[in-house]
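There are two complexes below, and they share chain A, which is joined by chain B in the first and by chain C in the second.
Take a look at the complex of A and B:
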C-alpha cells in the first residue's frame, strides 16, 4: 500500500535526522537536522489525520522555535575560531549506555503489550470543529492559563536577555 | 494501515536519542535541542493514542497542543538564560556554569 511505504520512508527519515541532531559534530548542522526532524513528526500527524496539529507543528516548531535556536546560536558563537572544542562531555559513553538501555526497555514494553485498536481498518478524520470544540469548551480554563503562562514566560525572557544599562 | 505499535516504536527511538543528547552534550543549546526531540516524541505518542483509541474525543491531541505551548515558552526562557550566561561568563557550556555547584 502506498501510504504504508510513504510512512516507512518518513519514519526512517525522522530517525536519521534525529540521530543527526544528537550525533552531529557541528552545532549548526544539528539545528538544521532538528528542523527536518520536527517537520517529519509534523508529517506523522498528517498520517494520523490531525491536520490542524500538523499545521501547528510546522508553524511553531519548524518556524518559530528553530529560528529562535539559530538566533541563539548566532549570538553565542559556539563555532567561532578559538572557540573550537568538543561538543560532548566526558560522560558521553555513560549517556550512550543510558540511551541504549532506555530504548531496549521501551522496546520490550511495547512489544510485550497487546495494544487495543490494532483491529481498526482506517482512522476517522478529525474535523477542525471537533478540535476547537474540545479546546475552547472542555479545556477552556487550561487554554487561558496556558496563554497566560506563554505571555509571562516571554516577558520574562525579554527581561532576562535585555542589555542593561552600564553593562 | 500502520498499526499503533509502529508509532510507539518510532516515538521510543526519538525519545531515547533525546535522552542521549541531553546527557552527552555540553553546549546548552544542544541540550535544549535534545529536549525538543523528547517533547516531540511525547506529543507523537499522545496524538497516536488519541487517533487510535479515542477517535471521537481526541483528548490526547488537546494535550499535545498544551505540550507545544509549554515547549515554546520553555525554549524562549531557556535561550534567554543561555544568552545571559554567555554574556556574563563567555561560555555556553553547561559544565562550565558551575558557580552554584558545591
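Take a look at the complex of A and C:
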C-alpha cells in the first residue's frame, strides 16, 4: 500500500520534471530538470526491486551523461545565466511529427507485446550474480567486442577533437 | 534493501529507520564541527602557530561560535544569478553526501541500512555530488564560479575512474574470502572478511590509488584547483555567503568524514580489525572512529606538505599514471585469483606496484622543468607578459 502511494508520487514527479525539460525556457534549467527526471526513473527501478539497475541509472545518467551536458553548456554558452530563449523554432512541425509518431509507435509496441511474467502477481527477483554470469560467461564475447568498439570510438573522438600545432 | 539485524528496542522498522537517521545526522554535525576546529589546530601546528585558543578552553567552542556567526550573516544573492539554480545548489551538493552516510557500517550491524550493493551504492551516489557543484558554478553568474565549476567537473569525472577501479580490485579479492567463489559488495560483509588482516596489506597499490583519487574527489590539496583561493578567488562558491556558504562547507567536511569511514571499512578493516566481530560494539565504534580520524589527519598532513598542482599536471597524472596503474592492479588480481595462487602473491605484486607508483610520483616531483615559465605559457597559447 505504502509502496503504491510512493509509486504514484514518483510517477507524478517524473511527469512534472519531464515537462520541465521540454517547457523550460532556459537550457540550464532543462538540463537540471533532466537530472531529476532520470533520477526518478532510477527510483522506479528500486520499486521493481532492481537496485543494481537503479544504481547504474544514477551513476551513468545522473553522474555522467547530464554532467557532460552541463559541462558542454558551461564551455559553449555565451548568454548570461537565466537568459530565456524562445521555445519554438522553424522546425516546430517536424518536431511535432516525430514526437507524436514516436509516441504512437511506443504505445503500439507496449500494448502489442506479451510481457513475460505479466500474469504473476509478485516480482521475480534477479540476483546480481545471475546478471554477472550472463554478462561475463554466457555473453562474454559480445561484451568484449562492445567494449573494444567503445574504446575505438573514444580514441577516434580524441584524435578528431585534438588539434596540435603543425598538423 | 535490507535492514540491519534487528530494529532497536523492537520498534517498528520505519520508526527504527528514523531514529537511526537522526543519530547519524547528529553524529555528522558534531564530527563536522570538530573537524573544522581540528583542521585549524592541526594545520596551525604544522605551520608553527597555535590555532584558535581564545573561545573556550583551548578554543574548543570556536566551531560553535563560527557556526553562530555564519547563521547570523546576511544571505546575499547576486542580481546576475539564476535564482533557483543558485539557491538549490547547496542542497544538491549536500543530499548525495548525506545519502552516502546512510549506507556506512560504523560497527557490527550498526548503520542506517545494510545494503547488499553498498560499495557500488557509495560511488554511484557520490557521482551525483558534481551536479550541485556545477549548479553553483552555472547559477552564480560569475566567471570565477564558472571556472571553478568547470575545473571541478573535469577533475571529478577523471579521478572517479581510478577510484572506482581501485575499489573494484577490493571487490575482486573478496571472492577468495567469502568461501563460495562469489565476491561481495556489502560493506558490512567486506569489513567482517578483514577480521584477520586488513585489505591494505593485500592491496597497497589499490589503497594508494584510492587515497590519491579520494583527495581529488574531496578537492583537498594538492588537488584543490577548483577552490584555489589564489587563482580563482574561491571557485564555485565564491558568490555564496552566510548559511548557504556553510552548507557547502558542511557537505565538504561531511564527505571527507564519509570517505574516511568508507576507506577505513574497505581497506583498513573497519570495525572488524583487529578486535574481531565479537568485540563489544563500543570497541568496534571506537575502532572505526580512530581509523577514520587517522585518515583525516593524513589528509590535513598532505594539505600542509604538498603544493597545489597545475591543471595540466593534474590531468596528466590521472590519465597517464593512476589509470594505467589501477588497470594493471586489476589485471594482476584477475590472474592471481583465476589460478587460485596464494594470497601472499597479491601482497607481493601489489606492493611492487605501490613502490613503482611512489617512485613515479617522486620522479615527477623532483624533475626539472624542460621549459621555463614563459615557455610553458607559449605552449599553452597564452600571451607571455
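The working rule: the second predicted complex is superposed on the first by the 128 of 167 C-alpha atoms of A that agree within 3 Å, B and C clash if a C-alpha of one lies under 4 Å from a C-alpha of the other, contacts with A are read in each partner's own complex, and residues count from 1 in each chain.
In the analysis below, contacts are C-beta pairs under 8 Å (C-beta built on N, C-alpha and C of every residue); 3 or more make two chains touch, one makes a residue touch a chain.
On a predicted model such as this, the values are computed, not experimentally measured, just so you know.
Participant: One more residue to check, A:129. First (chain B), second (chain C), both or neither?
Facilitator: In the superposition, A:129 contacts chain C only.
Participant: After superposition on the shared chain, which partner residues are touched by A:28: those of chain B (first), chain C (second), both, or neither?
Facilitator: Only chain C; A:28 stays clear of chain B.
Participant: For A:67 in the superposed arrangement: first (chain B), second (chain C), both or neither?
Facilitator: A:67 sits against chain C, while chain B stays out of touch.
Participant: Identify which of chain B and chain C touches the larger number of residues of chain A.
Facilitator: For chain A, the partner with the higher number of touched residues is B.
Participant: Based on the superposed arrangement, let me know which partner A:56 touches: chain B (first), chain C (second), both, or neither?
Facilitator: In the superposed model, A:56 contacts both chain B and chain C.
Participant: Touch test for A:150: chain B only (first), chain C only (second), both, or neither?
Facilitator: First partner only, chain B.
Participant: Would you please give the residues of chain A that touch chain B in one complex and also touch chain C in the other complex?
Facilitator: Shared contact residues on chain A (touching chain B in one complex, chain C in the other): 56, 64, 71, 73, 75.
Participant: Enumerate the contact residues on chain B facing chain A in the complex.
Facilitator: For chain B paired with chain A, touching residues are 1-10, 12-27, 29-30, 32-34, 36-37, 40, 43-44, 47-48, 50-53, 55-59, 61-62, 64-66, 68-77, 79-84, 86-87, 92-93, 95.
Participant: Where on chain A is chain C touching in the complex?
Facilitator: It comes out as residues 26, 28-29, 32, 35, 39, 46, 51-52, 55-56, 58-59, 62-64, 66-67, 70-71, 73-75, 80-82, 128-129.
Participant: In the complex of these two chains, what residues of chain A are touching chain B?
Facilitator: Against chain B, the touching part of chain A is residues 1, 3-4, 7, 11, 14-15, 18-19, 21-22, 27, 30-31, 34, 37-38, 41, 44-45, 47-50, 53, 56-57, 60-61, 64-65, 68-69, 71-73, 75-76, 78, 85-89, 91-92, 94-96, 98-100, 102-103, 106-107, 110-111, 115-118, 120-124, 126, 130-131, 134-135, 138-139, 142, 146-147, 149-150, 153-154, 156-158, 160-161, 167.
Participant: Along chain C, where are the residues that touch chain A in the complex?
Facilitator: 1, 80-85, 115-117, 120-121, 123-125, 127-128, 130-131, 134-135, 137-141, 146, 149-150, 153-154, 157, 160, 182, 185
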